[in-house]
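By letter and in written order, the chains are A, B and C; residue numbering begins at 1 in each of them.
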């Protein structure tokens, strides 16, 4: 079977096959089947001359899953399966879960390791010392950053065409959002647990400005992201707060802040824009979904 | 109390604060004073008071000036109980499950400690056992947070181990206050028995004090109070140790008479510490537990120097 | 001795784990009697005292003032027995008067700052009897050993219980205070209290007690007036010492003299 796969010219039908096999994996839980298929993929990817890539960062995970052939994906970071923060968490379950440390990467010998620019510094250095190619992705702070990163990953996995498709998809969402722009330049504060505020240099801020909203972080005295006190928020009183969770449940004391009575009084559900965390935590293909969601939320609260 | 209401990131004049407290001022001012600063001040007072009271009660029970909830690992154990409930998942941190778990854990820790130490516990054994329990509880708290799927574990661990009153709300007050009041009532109702205990357990028993039951009540009172406090504010240490000592030069050594002043001193201490963390300029919020430890630990060392003879002899 | 017994114990036994500390002790003691409980180290003297006061579980029956001890609450027991343990522990530097006032605790006077007239009078009486009135405001931890011993004695006298149990109240006191303490206890007995004193001092026992109780290896081996209960043979057998014996001012003198 392995031999026969290699023998056939793969590029033309690989995509269709991948989809079929992905569906097959979803249906069967057989370890042997999975292992066998991974072997098959690996062989196929090598045959196609495309690099095999491992990701140790939740944001590069998303880019990789969107742009690479399944066969190219050696493994993903542990957080790739986190349903709250990882956009493609369901799909991530079909790939190997890496420890995020250097050891399994050295064993698996991917052609490229993609990583964040700030996290896992020691791991990245160790891998580089071992002669491994490590591609580092900075945190995307603007829409341009995002497009650039999509294209970069597309080049890296050998599918620049798919990258262009994703960029076009994002552009289309931006156009849609600009058409549905808010009636007034409301001041919106993007607020996370413990009072973390996304500043001007964040993707969230970029999303707000596309829809004609302004980031209230600036008037809280900070253009970059950081913690804001509850009192400062209440005193500044932005028009809306943008949060990731609309439930009335606090999983820990950090998220309890968002349900503090002081905030609940000023920001009932009609004053809260809710965009799930997995749409905003990274800059990547999910941003078109994030924009659509933001437009929908604006409509909900009557903005 | 007024200072606590008056101080915060947003500058309000004392007049504006008073005005807002009684329903005047702008809506924002009212929210800042009534919903943000008032619950924080109330919790500071209540938690400080119960910690001071618990310290005085434990010192009375064990006839030992170095006894205190934090040295015995009670707050750390309570934090572990609370964190365990959070880690099990699906539970809102504002539900009563949290203080109940904290209370059970605090009760277990003090009970185990006194069981280990035995009837005529020496200072050294108590402190060593307390150290062991608090280290174990601290490690268990960290591990539980790490094992839970919460990616913000590091920050949350700091909260539980150091304690903070920041941005608490009236929901937190409602969560903690019933337990704190119950704990305080239990401890206060036993205060005269603590005085009788200054003659030793045998004499106290011969005076009609059921020493075994007194221990259980004292542990229960401390566990209720400390557990309720920890469930909303994390493990704030050393208030219980310091407060009775501050009052002894003024009130004398009578364990019963010391209890109310210790509670007041504890309330004042914690409130002052909580005001101080808001005044100290810093890039991120300082945890109030850090400050109480900064004050409490040198004080504890000073006490050890003073009690060195008793410690060296191994008898208390 | 002809009076009715206020305290009776029959077949009293105490075991700590597997070890039998007290075995089949029976006694009956009347009001106004001073009983000296003597015996070698480890004979079970303290255990007997604590068992009588109901401070540790025992087998057999104890009757006090006509009631079974087991039927009494802790507080009722505390009003009938004043118990002075060995070593008079005082853990906090409380004023001496507050320590004495703790003697009124069984009577419901739990707060020394708020005593009723009766309680206050009892405290004053006890302090006068032990001559510690002048020490009332002094912290007990600053007192000398003798003074502290007297304060401790005042505390048990303040209970004004029908029965007073004192465990080695004369230990670590100089001869003058030993005699002083025994004299106070004698006075208490003379005013109607049943006093049981544990002591190692055979001389004091012989001199002050109406009855001597000799305990050896958990058994009561001899009881009666000191002259007979502390006979030469008994002391030689139990304590393994020979004694010098005499009469002085019509009292029995017993002085341990040499190893037997």
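Just so we're on the same page, a contact is a pair of C-beta atoms (placed from the backbone, for glycine too) under 8 Å apart; a residue touches a chain by one contact, two chains touch by 3 or more.
Note that this is a predicted model, so its numbers are computed, not measured.
In terms of which chains touch, the assembly is arranged as an unbranched chain of neighbours. Compare each chain's C-alpha centroid with the centroid of every protein C-alpha atom shown, and the nearest one belongs to B. Remark: chain A and chain B have CA centroids separated by 42 Å (rounded to whole angstrom). The geometric centre of chain A is 83 Å away from that of chain C, both derived from CA atoms. In chain C, no residue touches two or more other chains.
Chain A meets chain B in the complex at residues 79, 82, 85, 193-195, 227, 229-232, 234-235, 237, 249-257, 259-262, 265-266. Listed in rising order, the residues of chain B touching chain A in the complex are 8-10, 28, 31-32, 35-37, 86, 89, 92-94, 149-152, 155-156, 159, 167, 169-171, 234, 284-285. Only residues 50, 53, 55, 74-75, 77-79, 81-85, 88-95, 98-99, 102-103, 105-106, 110-113, 139, 155, 159 of chain C touch chain B when the two sit together in their complex. Note for the complex: chain B touches chain C at residues 63-64, 192-193, 195-200, 202-203, 205-210, 252-257.
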